[in-house]
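Labels run A, B, C and D following the written order; every chain starts at residue 1.
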Amino acid sequence: MTISPSTTGSPALELRDVAKSFGSVVALRSGTLALHSNSIHALVGENGAGKSTLVKIIAGLYQRDAGIFTLEGQPVDFKSTAESKAAGIAVIYQEPTLFPDLSVTENVFMGRQPTGRFGRIDRKAMRTEVVGLFKRLGVRIDPDRPAEGLSIADQQIIEIAKAISLDAKVLVMDEPTAALSGVEVDRLFAVARSLRDEGRALLFISHRFDEVFDLCDTITVMRDGEYISTDAIADTNVDEIVRRMVGRDVTDLFPKQEAAIGGVLLEVTGLRSAGVFNDISFQVHAGEIVALAGLVGAGRSEVARAIFGVDPYDGGSATIDGKRIPPRNPSAAMGLGLALVPEDRRKQGLVLDSSVSRNITMAIQRQLAKLGLITSGIENASAQIWASRLEVKASALDTVAGTLSGGNQQKVVLGKWLATDPRVLIIDEPTRGIDVGTKSEVHRLLSELAGQGMGILMISSELPEVLGMADRVLVMREGRITAEIDRANATSETVMFAATHATEQHS
Amino acid sequence: MTTTLTPPPTRTPNAFAHGLGTFLRARETGILIALVLVVLVTTVKNPNFIFSADGWRDLLLTPSILVLVAVGQAIVIITRSVDLSVGSILGLTAYLTGRLFLDLQGIPIIVVFLAGIVFGGLLGVINGMLVAYAKVPALVITLGTLYAYRGINVLWAGSDRINASDMPKDFLALGTGSILSIPLLTIIALVVLIVAAWYMKNIRGGREFYAIGSDPAAAELYGLKVTKRIIIAFIASGALSGLAGVLYAARYGTINSQAGSGFELDAVGAAVIGGVAIFGGSGTVWGAAIGAVLLLTINRALPIIGVPDFWQRAVVGVLIIGAIVLDRLLALRQSRKLLEAREYSDD
Amino acid sequence: MTDTTTDPRTAETVRSYKNYSQPLWRRVLFTREAAIIGLLIVVIIVAAASVKNFGTPITMTYLLLDVAPILLIALPMTLVIITGEIDLSVASVVGLSSVLLGILHQAGLPIEVAGLIALVAGALGGALNGFLVTVVGLPSLAVTIGTLALYRGLAVGLLGTTAVTDFPEFWTDLAKAKIGETGIPVIMIPFVVLAIVFAIVLHFTPFGRGVFSIGLSSEAATFSGVNVNRTKFILFVLTGTVSALAGIYYTLRFGSARGDNATGLELSVIAAVLLGGVSIFGGRGAIHGVIAGVLLIGVLASALRLANVTSDVINIITGVLLVLSVVSTSFLAWLQKKRLRPGGIKRAGISAAKV
Amino acid sequence: ATGCASNGSTSDSSEGGDSGSGDANLSITFLPKNLGNPYFDTSDAGGQKAVESFGGTFAEVGPAEASPDAQVSYINTLTQQGVGGIVVSANDPKAICDALNEARDAGVKVVTFDSDTNPECRDIFVNQADSAGIAQVQVDLIAEQIGDAGEIAILSAAANATNQNEWIDLMKEELAASHPNITVVDTVYGDDDDQTSFDKTAALLQTHPNLKGIVSPTTVGIAAAARYLQTSDFKGKVALTGLGTPNQMRDYVEDGTVTAFALWNPADLGYLSAFAAKALIEGTITGAEGDTFDAGDLGEYTVGADGVVLLGDPFVFDADNIGDFDF
């Protein structure tokens, strides 16, 4: 482990062997991180490595279970975000959290508005400062408009402005650039560098290595909730970092079976929805796993939801076996043999407060009903089959789904949709937040299903997963499909290039 | 680069135009125009509606008590709760007022006012604590305290009735007297309204009510004191209902155990008509106050316009539904506009 | 190849699950519903022992006659609240259907036809609520505060000062008649039929499962193919229809159609439903608990009245019982959470008080 | 609260019939339209005085708000308790009928007072004054006060109140017949609620700028209207009369807001009703026309047609005599 040359003396903020669990899920085993003044520090790791958890501990949103947390040498123990703010820490969370009804300016200053006489909020000062901030970031957002209806990118910018305006000693940014375009990223970096030069300590989390290597001085790698290494950027390279992040031979993780590719099952033509995605056309064949790759916010989930009929769309069509899937009618889509495992399993995939057995049988209630009636007995019998096939770790079928670990929750969602016996399975982020062991189980299952002739459209932000599993990779960028790459040609370079660059790589 | 950021227009030169624009876009404007229309139409039909001493006085006086309760209700609704117990709180404090004058002869009027406000506030604390700590929906809690407070009132008052002659003349004069042809009660309501509006607009605490109502989860991320604010909102609602109870006693002179029953629906109705979103986060106490005035002025205007007594409730119902549908349509139009704006800025 | 990969797995590791983590008696006894039923039984026993005249069969007759409208309306209201919505306009629909029955009968229509029209009017009233909630997308609380005033206003407006009282004796007698010598009012027959239908629909059909899912997570329900808007619309229509039925019963029982009939009944219905263990957040509740809740309030009121306790004390007890019942639920939930998450780890999610 | 103590003894004595004459069950319960109404407080106090004078047990129960269904519950409860007699002021002539008949079937004697039910549902109706007389006196008063010409309006109680509606109809007939220059321009309903009555008065005065007088045949209404007038410009310009109690109206008569108003003595009404109930319970009378019974201090009364007992003519209160009364 080498210490960055630009950092001298004791760290501004230090975490050592910090641990955090949620019930049975261990989010963080040994989080270790040292931020120095005059430095921008990168934190990288796979999805679910525990980066955001670490951030939330720094912010005081979560309290650590174990470990040491010091600020300028003093041990601290934040009970709320207000305390960390007061201690000079500003945080940009991964998910923007704005008040939709309040103006952009108010969102930036909520809870710490500048006040004049009689505690009166000084709106003029607030507005002036916001205008200045936006100018610095080079964005055009009306400071007086409500936050409601802003795009994710704009929301992210407001989060950034909010954090910068705190004038904090430590600035933590959890994937601030995930939704931003090049221009905004450049502005952000300019601001970040000037903050660094003013003597602050910055933490930067991103999945984009070009950005990391462009901006940062030091880099820490995490894997499965554990600290792996810290290096000066100059002393390392991308390959090295990726190897440390993944920590094992990628191909072992993805037990891809060869399956006979059959005829076209799902066909999407010219699907569009204003402001979300445009001109989406592709096919999924029987026995084929098609991956839909791209950066977060590229609009992949929206496409899936539109096909399934949860979201409306403006034009184009989707068919299964040549039969049109009617828009805005999920139960009709299910009738045609389509299943969607949604990206947000806690909100969309599961009824968290309901039992495992109810959840598994939720999409097949009508098939299970005898003479229109259904009983717990019928449900349990069916749930038993799927729970055991997927080896869900639960004590009983009436266990509340919300108490299961993330991976097991994901299995329940999978079971729920496999129970419908679909012909086409759309699976959005199949392994997000799932531990390594479960991940390969899910992958093996997907392979097996494809082998039995199911058509699978897999949306994934995890490059190794995409490369390991897909017969064909579709890459989306800003609401359009920018590349189609077959298995033989799919490498991390080709996919990432298509996901980040406006010009199309393949003709 | 210079084109990307147009500096915001300097405000001083056309502050008036800007103010006018804000006024015309405000959610309250529609409801205010409706109020003015109602008053105009009624006055044309019968000039006495405004142009008689009593007409003018009643126009201002009748809604004043509801305005107070509606202001408190608006604060609670803005924080994403609701207070159904206001009518019962009002009744209890009104009776307390009478009892104080009866049992403590010569008690200073100001003490009675304070007692009413404090007592109302205490009843509000009970609501607030139950909602904030037990994390139980405000609707259920305040439905329960609606029954309970009213029951206590009936238990206490029995069939006892406080008459005008039981209370000092000076106190009763507050209910009807006026300064420069503006009723005292209206002045009190206006002062409360202005203070509340100023607080909600210009003080951190006031803005936090909006933040909490807008997104409670985000409020916690921001480190706002959600529990404390919710309790304060209920205290405000309780204290204002308490003040309203004291003024009710002054205005109507007779109080029995049923005083103020049914007020909760008027108060919630006033806030909703006045553009306070039932799911919190937006709306103003001004809107709620105008809503209260509109609601009661319509009540008084309908017979003058020629709507028979019996049909007036139906008309009020239609107006409430109309107001929330309109509000919804305006909100939809607004969010469509924002979406369009996004598409343009993306190009 | 497929054989070799799948066979060993299913043979070796096939897991089987208990259907339930707790024995039957625990699942039955440790529920809100059981607690309310238990409380009901205790109150009945105590009242029978200590309140003079409570033990007589006539008490039950009067009690059931009194609570019949609440019992009826509570059935669909339970479903509405389980989806996370609310309907405050039910009592006004009772008034409106009462008035319609009165004026149509007075205008010469046979009472059966008048009743049918009143039912249709109730359904239409419910449909208007449902339309505003599902299609326009307004909060049901606000919508039904509006229609509460509207329907009551129509009722009062239509009938004015008068009351229609000349209903055929056959029907007014039937509304109060008892089944043979049992002392059980005849109105309990349609109620029991409806209760069974609603219980089956809620607890034993895919539609009912959908109702629960919507209340627990309407987003997840949408993603599972449940038609959220259609379900809610149907429930509002049902509520309107059953309220109209209650209005007809109310009119016939008192032999008097008036615009102000059943004013304030909505609060009694909602209080009883919540007392019966239905969560105002939606997603939880059962028909038998609700019936016990209605009866509990009815028995308490009846016993206290017989013991010459005044109506105000009865109201206080109702209110306090309501607050206690919800607070105790969240207290128990909190305890359970503490037990499930040992080590004092802070709640993961962020929750805040909602309406 | 008062009900608890007195009724505890009702239940004890209801079976034994220990007091009064013979073994008659002289537990008599008053059931007013609603509790918390001073008019009924006074009448029920009169009833209590009577019941205590003949050694019966008195109780008063009632709903908080004047609605027939709540009254039915109380009637049922009283039937179960097996009281000797119910003295009730009906919130609806029909709605409480069946409950009353069930009570009568169970041997309970039913006297209505103040507001009657249909005649077949009770044994006796004690009428405070015959409707024609009540209408007459109010018409005479208002005609005199406004100089027999001009617009007047009526402020009533609930829209469905039987007695109110009957009086109003009779007043209109009498006005049409004898006072052609007086026009009734509006009838509004204050629901016997202070606030509503108050606000309705205000609305009336606005709606009808030429209004010369208001008649409010309900004690709550006339007091609220007087309180509004007292502090308004219309004081002394718009006449107000109707039915009110002296204690409520004293201030307004003394300061000239109201010149004169009428009422029977509600205490006497309750007193007479209690004696009627006693006579029924003891079997002295059955409610048939021509029956006579003793009513203590009030002397002897005779049952008229349809089982109606008439208290007497209404009494007119004015500044000269109001000091003599305290109820």
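One rule holds for everything that comes next: a residue touches a chain if its C-beta (ideal position, glycine included) is under 8 Å from a C-beta of that chain, and two chains touch if they have at least 3 such contacts.
No experiment lies behind these values; they were computed from the predicted model shown.
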item: Each chain counted as touching subunit A and subunit C at once; value: B
item: Longest centre-to-centre distance from subunit C, chain (CA-based); value: A
item: Which of B-D and B-C has more C-beta contact pairs; value: B-C
item: Chain centre separation in whole Å, for subunit D relative to subunit A (CA means); value: 75
item: Centroid distance [mean C-alpha coordinates] between subunit C and subunit B, Å; value: 31
item: Interchain centroid distance [CA atoms averaged], subunit C/subunit D, Å; value: 39
item: Contacts with two or more other chains, residues of subunit C listed in rising order; value: 156, 160, 259, 310-312, 315
item: Touching two or more other chains - residue numbers and ranges from subunit A; value: none
item: Residue list for subunit B, restricted to those that touch at least two other chains; value: 154-155, 217, 219-221, 257, 310
item: Chain contact topology (line, ring, star, complete or other); value: other
item: Pairwise chain contacts, counting only pairs that touch as defined; value: A-B, A-C, B-C, B-D, C-D
item: Complex contact set, residues of subunit B against subunit A; value: 1, 4-8, 202-204, 207-208, 210-211, 213-215, 217-225, 277, 281-282, 335, 338-339, 341-343, 345-346
item: Subunit C residues within the subunit B interface of the complex; value: 86, 132, 136-139, 141-143, 145-154, 156-157, 159-160, 259, 267, 270-271, 274, 280-281, 310-320, 322-323, 326-327, 329-331, 350-355
item: Touching residues on subunit A, where the partner in the complex is subunit C; value: 21-23, 62-63, 65, 308, 310, 330-331, 333-334, 340, 342, 347-354, 357-358, 362-363, 365-366, 368-369, 372-376, 380, 383-384, 387-389, 391-392, 394-399, 403, 416, 448, 451-452
item: For the subunit C and subunit D complex, residues of the former touching the latter; value: 52-53, 56, 58-59, 62, 66, 156, 160-163, 165, 172, 176, 250, 254-256, 258-264, 301-302, 305-306, 308-312, 315
item: Subunit D residues within the subunit C interface of the complex; value: 1, 3-4, 7-8, 10-11, 35, 59, 61, 63-65, 67-70, 72-74, 76-77, 79-82, 92-98, 158-160, 165, 189
